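Both complexes below contain subunit A, partnered by subunit B and then by subunit C.
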Partner chain A sequence: MASTNSSTKSKSSARALKSPHLAQPLSPTSSNYRLQQELRSFLLSPPPDLKVSVGRNLRIWHVKLTGRNVYEGEVFTLRIKYSNTYPRDPPSVYFVGDNIPEHEHVYSNGDICLSLLGSGWSPNLTGQGIAVSIQSILNSAGRKCRPIDNSGSVGRKPGESQKDWIYHDDNC
Partner chain B sequence: MDEIESINEASSTPLVSQLYPISHLNTIFPPSSPFRPQISTLSSTFTSLRIIKGDGSCFYRAFLYAILTSLLTSPPSVLHRLTTYIKTSLSLLGDAGYSKDALEMFHDEFVELLEVTVKDCREKGGQEGMDGIHKVMTEEGGSAEYCCWYMRPLCSLQLKSDPKYSSFLPSSYSDISDFCKREVEPTGRECDQLQVIALAEAFEARVEVSYVDGHDKEGKVTKHTFGEGTDGLMVNVMYRPGHYDLLYP
Partner chain C sequence: MSDSEDDYVYDYSDASSDEGDEMKTSPQQAKSPQEGDSDDEDRKPAAKKSMDIRGEVGVKTPSSKNANANPNAPPAHGSGRKSYDHSPTGSDYLSPAKNPDGLKLMEAEQVREEMHSLVCEITDMLGISEAVATVLMRMHKWNKEALLNAYMNDSNATLSKAGVLSKVQGEGGGATSGSGTGNTCNICCDDDFASDEMYAMSCGHSFCRDCWRGFLHSKVGDGPSCIYATCPAAGCPEVITEVEVSDVSKDVLPKFSTYQLRSYVNLNKLARWCPGAGCTKVASSKTGFGNIKCDCGNEFCIRCGLEPHSPVTCPDLAKWEEKCQNESETANWILANTKKCPKCFTRIEKNQGCNHMVCQQCKFEFCWICLAAWNEHGASTGGYYKCNKFASEGDNPNDQSDAAKAKRELDRYLHYYQRFHAHGQAQKFAKKQLAQTEQRMVQLQDGNSDTSWIDVQFLKTATEQLIECRRVLKYTYTFAYYLEDKDGIKERFEHHQEMLEKFTERLSELSEMDLEKMDRTDVVNMTRVVDKFVKNILKYVDEGMDID
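Let's look at the complex of A and B:
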C-alpha cells in the first residue's frame, strides 16, 4: 500500500513540476510568487477529490471537484480567478460548466454564497483553502436544493465581488 | 458617530497621520459633542496623538506603529526577542493548520521589517529614525500592511494557546476557534478587548487603552491596562466607539 502511494505521488510530482508556471525557479521577489507557491502545493499534494489545472494564465485556475454523499458520481468545476489585488482581496470563485451543484448555497448561475469570499476573507487563506471549504459545504449537505432567492441569480454574471453580500450564518 | 466616520472613511486619509497636538481632537469633536468632557480630561494627560485610518485594522496598525517606534529606543535585547518571536511563529502557525503558502511572504516581510528597517532606523536615531518608521507604516499596500495581516493569525494563535482566554468568550461563539474565524482573521474586523489582551501578551507589550465613550458628563475617562511590558514595549491608545488612535504622553 505504502509503495503504491509513493509511486503515485512521485508520478504526480513529476507531472506537477512540468507545469510551465513552475518550470522557472520560484523567486520570492516575483509578483506571482505567492500564487506559484500555492499552485505548487496544490499540484504536489492535492486534497482528496480535488484536482487543479491551470492554462496559460497563472491567475485562472479550474478545480475539478468529485462529489460525495448526495453528489456521489458527479463532478463539478470551480473557476478561481485571482485579481491583481489578491491576496488583499479574495479571488472570484464560482462553478462553471453544465453541471452546477444543486445546493442551498449555490445559485444556478454558479455563484456560491460563502462568507470567506466576502466579509470573511483573510489574506491568510488560499485558493486551495477556499476549494476545500466549498467541498465541505457540498459534502455535508443533507439534500439537494437551490437557495430560496435563486430566481434573482438567473441571468446574473457570476463571480462578481461579494463585498456587499449579507451572509445569513457562519457560512452563508 | 457620523463625525468619526466622515474623517476616517475618506480614501485620501493616510494610514497613520502626522503627530498632532492633543487639541486637534477639538476639531474632530465640536463643542456640543458629548465626547468633549472626556476629551478635556485626556488633554491634561496626553500631549499629542496620531489619527489611524478607520478601515477595520486600526488597532493592529496602531499597535505595530507603537511597537516599532518603541523599538527605536529600547535595549537591543527587545528587538532580538521580538525577531525571535516572529521567526519561530511561522512553523507554529503551520502546525496549527494555517497555510504556510499564504503566510510565508507576510512572515518574511515582518522579519525584514525588524531586521532591516528597524535596525536601520535605530542606527539613524532621533527624528530621522522616527521618519523611517512613519514612512514604512504609511505606505499603502506596503510591508506594514502584510505585517498587520500576519498579526491576525498571531492573535488567533495566542488566543488558542491558553484556555484562560475562552473564559472571556461572549456566548454567541461556540468556541475560541469560532471566535477567531469570525472576529480575528477576516480583514477589516476590528479588535475588541479580547484581541487587544491577546496581542499585548503575545508581543509582551503593555497596552493602555483610554476609553472615550461620550457617556460621562464629568469627563471621567476609564483606562484599562493589558499585558506586562516588562522590557519596556508600550502602546497607548484612545478608544472611541469602533475606533482606536495613538496617544502620546
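Let's look at the complex of A and C:
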C-alpha cells in the first residue's frame, strides 16, 4: 500500500518536473522566481479537482476546475494572469471558455466578484490559494443564479483591476 | 433700530487680524493641554451645550482673552443661539465679545504638535506606545473620553478592534529572532535570508525588508487610506503605524505622517483645512461654528467649508446647493426662454415667429412683449414685431389643483433663485472690481496732489463692503426660501432685506462712478450705512427674529 502510494507520488512529481518552466531552477533574484516556486508546489501536490497547465508564458496559468454539488460533472477553466507588480498587486483572474459557472458572484463575462482579488488581496496569498477560494465559493453554492447586476458586465472586458469594486457579500 | 446699531459697530477685518496676532503672540495656546481638554468635551457640537461650554472654556483657558472678557454671554445673544442652535449665524459679526467661538488659524506644524500632545496624554495614562495611542485615538475620532470609556470597559476588545492587540501584548517586532540564515519570505518566496534581512510586526508575520518596502510603497501610493493598512499577511488585522514605516521605508514616512495629520483634522469636527488652493493652514474653533478669514485670503465657514453664508444655516445651504445643482440649469432655461400666458399662466416657450402668441392651453391671443391681449395691438403699438405697451403679470393664489401648486412652487423657487443668482453674479463682479480698485486708487491720488494713500483707502473699503453685502444678500434669498412665515416675520425680514438691497445698489453705483465725479464723503457715508444694514439683518436673524 505504502509503496504504491510513494510510487504514484514519484510518478506525478516526475511528470510535473517535465514542465519546461521547472526544468531550470531560477535564481531568487529573477522576477519569475516566486512564480516558479508556486507552480512547482501546485504541480507537485495539486488540491483535489484542480489541475494547472501553463503554456509558453509562465505568467499565464489555466486551471481546470471540476465542479461539485450543484455543478456536479461540469468542468470550468480559470485564467490567472500575473502582472509585473505581482505579488504586490493581485493577479487578474476570470473564467474562460464556453462554460462560465452560473453563480451569484460570477458574471457572465467570466469576472469573479471576490474581495481577495481587490481590496482583500495580501501579498502572501498565492495563485493556488485564489483557485482554492474560488473552488470553495462554487462548491458551497446552494443554487445556480447570476449576480443581480450581471447585465452591467455584458460587453465588459473581464479581468480588469478590481481596485474600486465594492463587494456585496463578505462571506465569499 | 438706531439704538442697537451703535452697539454693534464691529469691523470684521479687525477680528481676523486680531486672530493673526493672537496666533503669533501665544503659540503655546495651540499646545496647551487644557485646551485639549475642552476640545474633547465639546467635540460633539450639540449647540445648546456649546452655550454652557463656552463659560467653561473661559475658566479653563485663562489665555483666551475673549472668553474671559465675557464668560456669560448676554441673554439676547444666548436666546438667538437657542433658536438657531445649528447655525453659525453671523456670530463673528455680531457677538459682543470679539471672538466667542474661539476661532484661530494654525500652521500644519502647530496642528501636528496639538495632535502629538493629545497622543502623549494617552500614552501617559494607558502606558502604551505613541504609535498605538495614535491608532486608538484615530479609531475613536480623537475623542479622548470615548477612547477611555471603551478601554476601561474592555481593553482587549478595544485593542483588537483597532488592530493593535499584539503591539501591546506581543513581544515587539523589528528584526525577527530565529536561526541566523535560511529564513523564508512568503512574498518573494526566497528562502535564504539572514534574520536581520527579515522584518515583522509584533504579530509575527515576517517578510524580507525588500518586500516590506515594496508593500509600503504601494500602500502609500494608494493615497490617504494607507493609514489603515494592515500586515501583508492575509487576514492579519495588525495595523501599520509610523514605527514600521520609519523602520522599513523611511522615504515614504513624510507622506504617511501627512496623511495621518490630514485624517486628524478631517475627523475633528472643530477644525478644518483651509479650502484655499495650495493653502496648508488649519482653522479651528472651540464651538465648531464661525467664519474665519485665512491668511491666504480665503474666507470660509468652519462647519461646512463653504464661503461664509449667514444668515442661512449650513444644512439649509447644503439643501439649497443641491436643489440649485439639480434645477439651476432648468431654471435658467425657463427664465431665459419662457413667459407665462397672461390668462392661464402656463409657461410658454417662444422659439420663433412674431409677437402674436396664441396659447395652446386656453387659446388666448396675446402679445409676447407686453403680455396684453392681442386685440389691443395694431399698427399704433408697433405692429407684429414691436410693442410699446407695458408688461404686467398676475397669478391666482386660490387655485388649489396640484398643477397649480407645483407651478406656484416652481415660481417661488425661480423667484428666489433668480435673485440669489443675480447677487452671486454681482458679488463676482465686485470681486473683479476689487482687483482694479488699487489702480483706481493710484489714479485718484495722482489726480489730486495733496491726497495721501490713506485718503484713498475709502475706495477699497467700499468695494470690500460691497462684496460682503452681495454675499449676505445672496444668502438672504436662500434663507428666505426656507423661512416659514409666521407672525409676519417674513415681512419684517423682507423689509430688512429690501433696505439692505436698496443701499447696496446705491453703494455699488457710487463706488463705480467716474473718479472725477466721485464724492469721497458720499462713498464713506454710504459704506457706513450699508455696514449697519448688514449687521442689522444678521442681528435680527441671530436674535431669533423677535419671536421670544
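The rule is short, and it goes like this: the second predicted complex is superposed on the first by the 164 of 172 C-alpha atoms of A that agree within 3 Å, B and C clash if a C-alpha of one lies under 4 Å from a C-alpha of the other, contacts with A are read in each partner's own complex, and residues count from 1 in each chain.
Note that contacts are C-beta pairs under 8 Å (C-beta built on N, C-alpha and C of every residue); 3 or more make two chains touch, one makes a residue touch a chain.
Everything quoted here is computed from the prediction, not taken from an experiment.
Per the definitions stated earlier, placing subunit B and subunit C onto a shared subunit A by superposition produces a clash between them.
Of the two partner chains, neither subunit B nor subunit C is touched by A:73. In the superposition on chain A, A:88 makes contact with both subunit B and subunit C. Once the two complexes are overlaid on the shared chain, A:123 sits against subunit B and subunit C alike. Of the two partner chains placed by superposition, A:48 touches none, neither subunit B nor subunit C. When the two structures are aligned on the shared chain, A:33 is found in touch with subunit B and with subunit C.
In the superposed pair of complexes, A:142 makes contact with neither subunit B nor subunit C. Comparing the two interfaces of subunit A, the one with subunit B and the one with subunit C have residues 28, 33-34, 37-38, 87-88, 120, 122-125, 129 in common. Note for the complex: subunit C touches subunit A at residues 186-192, 205, 207, 211, 214-215, 218, 232-236. For subunit B in complex with subunit A, the touching residues are 98-99, 101-106, 108, 141, 145, 149-150, 152-153, 178, 181-182, 185-188. Interface residues of subunit A facing subunit B in the complex, by the touch rule stated above, are 28, 33-34, 37-38, 41, 87-88, 119-126, 128-129, 170. Residue ranges on subunit A touching subunit C, taken from their complex, read 28, 33-34, 37-38, 85, 87-89, 116, 120, 122-125, 129.
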